[in-house]
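Structure incoming, see below.
Just so it is clear, A, B, C and D label the chains in written order, and each chain counts residues from 1 on its own.
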């Protein structure tokens, strides 16, 4: 019997008081694709970062191909033949592809030689693995899919035998993801070992040979893919049965709440981010906006939420709202009945160093019930906060804790409570379940549907196609600042939406990956 | 204004631009590596003091230079310790270093020399003397370019030429060597450098070290090249002007040369003309003297366009919270 | 998950940092051949050993309260205002113009107008860097430093020109009229029969206390303060909440500049009673150290300002009594900034892991 | 015990303050007496320093420079028992002695020497802080230069407008270089510590320079043509001595050419530079000034200068 490519024994790691990995054992056989799943914060990235020498474990041993190996830093991991593609790419944005690839793997003190050699080798590699990139392109001009290729090439350039990919598909369209999986299959055939972290149960079922499940810093199970099911995996992850589908009644759309016509946004680099968006959201319906990140969805939310100026026309309940000028800020939007659960709760939705009660008033701090005379009525805010925290089951139910002390799911609950309890006519929701585990997802989805059932309009933006498909009453697909088409969830499928997300509208025809890539690359230059 | 005047002003610009240039390149290394440094001023000041003091004691400007550089490096390491190892606020550390330099130099000057806050006047080997470039005399007769070479360019002290040569050298190091590639990378995305198995800490410390050395040269030039001894606060805001030049230059070596020469030129002009007659109105003396500062603001406000600093600049690299 | 108990954060760490700064200062004193303990006792006696000492200590403290609050409020909006020096200079100009404008009958009438003048001019000087930061992204640290230089050029221009007393040599204005002199602590305390040395401590101290209370109310009780603090924590979040970055940057810097400008009430109207060129005494910079020491909280600023006032007064005595130059104070100040501001992590992180270990051993926080 | 407050720039500025310090030292050497001394740290601490001196019981308290005037005006009445002496400015208080110098007269003499020594017919002046007092120097200098040679060009520059201008030798050097490039071959520095840089540059560039306040001839022998000495030392010495004798006169004391309050330094360091012709010329001018036949224009009387524009 061959030695496992990787064997981890008793790995533990703490960040301050957070015990991210607890006594973890893991075996991965060579020439296999091994999946790791688990809720957010379960410790997957931490474990892999330890393997890659990015973090140092507090305890435990690492065996590579049967030999006990000390991995003091990433250089040691690279020497041991390990390559890693991080969840957040580790690329230097204003360097060329070539420069990124040689960084840290230079030969000699002068660059000319290293770059020349890398250029030839890169050409060979990209042909061998169908990973075509322009070596002289700047990273900031490449789309995420391309950037991921650079990361993979970086690992292969360093002769990685074991390749770790941390949530590689979150940023890809379905066809790009398929292409990636074909490449992984190729690597596997060559005898290389792949570790794949993902949240998407369907994907993991398709490509992996074995799967490990992590929960709360512990390794709870390792199973053969052939012997398991998505339902079982979900249960292993969360520790209880979960509904993977949202349970909702058909929508009963009423009159138009938000009427958007020809919305245009030009950013500070003079790039047109929204190129004439028109859409309507009605009472009692959820309009889902699908698209690859960076195609204008964020700008759409920001414009409607009053965080960015635009041209065009937006009417709320028939009344036009100001899109440029002094009356176009988020405060006036709220006064007009627009609630907003922002995409990035850490940087937008919450002030992490404020107490929970202070965050409950955030954005509504001018509301009369939170003020008495010229000063803020902190007592009233705290009472309201306590009520909301109780109703939304935020844990721990302590309004004096700072927002940063809550876990991701509970932070999101605070934001949702704040925005939903105001019963806005139009609710803008961006990535409501990003970084939220399956248990909390269920709760948040229920709340959004409940709001819809009250007859409110909801505009949902998410990069998770599953979420869009299951929550929306109507789906619009955005690509390059435009709406490529609208579909009803019941009348479409992932393949069709995926093509629309890549900017291809004749969805009846078969399309090559190259064609999709060419289309996406067109937008990439503008995506930050 | 005659051509001879222009040559004289250029000559003076080079002299006055040199400390700015050295400090600006110092800042360039540090900030390219992601460590912001508003303590250039302080490092120049300690270097100016120690080089003059040690030169006065030993009678050798070279030993003085070494002492100045060493002092500047010590201060640079304090900044490194605060901003790299202890992940402190880089601005605050820089402010502290400027104060520390302002106080320490006076304190030590008083203790060593009891001449108020100054060192004895330097003369002979305790100062840098000017060197003539080859053929300076022979070429001085050539029209236009001759005087430019023999009067403006030639006849400065060695440190002026070191500063001028440091520009192409910096360009080469930054864009043609492994060290430069890594340095630029660590200022943009330390995570990329770290995962490539290169120590972020070591890279940043080396950048801060180079910064210290160059600031040391700048300070030594002030007190042993430009002047003949140290006086209290003799840097007079040059460190901040160098910083403005760095932003103006968008963190690039050749642009830094031009920015510093521009500021040198402004100083040369304000030295030469106490008021400036612009035809429509006359700028009074107080504002001619403030011209470099005013121009700095104007440049920062309008002309640089968007100067994008190294992306990871100013932020300590935190791997584990 | 609070990493440290509050008392450690607000009291223990600053005290340790201060102690470290003083220990290093002691070494410096020893290095220049003086007895650090003697120096310390001279300083302490000089600063708080007599009503004369107290008078000067609190006089300096008053300056530092104003500039410290100025830096502190800007810190809350994550703006690093190094321009206190220039803003105070301009504030001095404002106060002087008001005081010289009319033959004021009584200080009670002059004071409100002087406050207005100082605040307005100080704020105006902060407005340009603020606008450039908010609109053009020009780094406020550099622009405010430049504005310090420009302020002193402007003041010089005025003091050697139109504001100078004709025939006088010194670049300074005429003396303020009698009715624009603030009563000193000696005058005030004499009314209730307490003898006090002749020092420049004056009613501006009370104005400073009111300002400290006002800043506290503003920051933690008003919507504006809420917005300032939120903006300081996260600009995108502020925009999300309908807080205009331009507005907050401008307002915060205007308040900050106004507070710095108010320093002139104490220094110019209270002591110098005429506008001189170097009227700020570096207090704009000391404000940075004061705000850092005081953790940007008005109460902390108050305490730190008194500490620095004592340091200044003690330093002056040190120069009289020993051969330690007054620049020693600058060194101490630098070390305080260094230890409390920049090397904070040196103390904080070991303490954090100490408390984290204690916490984990008692409660055992899981990963989730 | 008398007290001396050394002004900004420090007691070893080789110029104004140093002269005062030397006067105090001479008094100590000659009488064996003791005195209190402190150095001013900043403009805004004048008042505290003065009060502190008075509180310590120093009598008289000698302060140096015009910048002290308004502070003294305020402090003196609070200490009626203490006598004060101020140099360079008149303070009208019953317990103050004001010592003023006729700098324009001394400057006139060195101006004449400069013009006579100049081969390029261009002489220059580097002032410290741009204040009337320094313009008084410059104006007297220009008057003298023009008197000796009506065709002479006088270039005048001020180092700055802040007290930092007393202490910026680098700028002093640059100003000198620029003046040299404009043809100047004799430069008069009336700039405190900045003058050190002026004299240094003049020596480096091999032109002549003229020192100020103290006798600075020794700094660069063979390069310093002469120094316009201002006997601040005498003023301090006299004040200390008078106080010791108990007969310090308050009121204005004028120290002019006649009372040897100002003058031209002649010693072994500049003997080779000064021609007999120069000596004769300045002797003649000195006599005329003393007799009142020649009145040198004093800039501060009307804030203007007939022979120099600023």
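As a working rule, a contact is a pair of C-beta atoms (placed from the backbone, for glycine too) under 8 Å apart; a residue touches a chain by one contact, two chains touch by 3 or more.
Nothing here was measured: the structure is a model prediction, and the numbers come from that model.
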> Of all chains present, which has the mean Cα position farthest from that of chain A?
Replying inline: D
>> Could you work out how far the Cα centre of chain C sits from that of chain D, in whole Å?
In response: 38
>> Taking the mean of the CA coordinates per chain, how far is chain A from chain C in Å?
In response: 46
>> Which positions in chain D are in touch with at least two other chains?
In response: 39, 130, 161
> Taking each residue of chain B in turn, which ones touch at least two of the other chains?
Replying inline: 117, 286, 289, 306
>> Quick check: what residues of chain A touch more than one other chain, meaning two or more?
In response: 16
>> Touching pairs of chains, all of them, please.
In response: A-B, A-C, B-C, B-D, C-D
>> Could you list, by residue number, the parts of chain C that touch chain A in their complex?
In response: 1-3, 217, 221-223, 226-227, 229-230, 233-234, 236-237, 239-244, 352-353, 356, 359-360, 364-368
> Taking the complex as given, what residues does chain A use to touch chain C?
Replying inline: 14, 16-22, 41-43, 216-217, 305-307, 329-334, 340, 342, 344, 347-354, 358, 361-363, 365-366, 371, 374-376, 378, 402, 404-405, 407
> For chain B, which residues count as touching chain C in their complex?
Replying inline: 38, 78, 81-83, 86-93, 95-100, 102-104, 106-108, 110-111, 117, 237, 240, 243-244, 247, 284, 286-287, 289-290, 293-294, 296-297, 300-302, 306
> Which positions of chain D touch chain C when the two form their complex?
Replying inline: 38-39, 41-45, 47-49, 51-52, 55-56, 66-67, 69-71, 73-74, 78, 88-89, 130-133, 161-163, 300, 303
> Which part of chain C faces chain B closely enough to touch in the complex?
Replying inline: 28, 31-33, 80, 82, 128-129, 132, 136-139, 141-143, 145-147, 149-150, 153-154, 156-157, 160-161, 285, 288, 292, 323-325, 327-335, 337-338, 341-346, 349
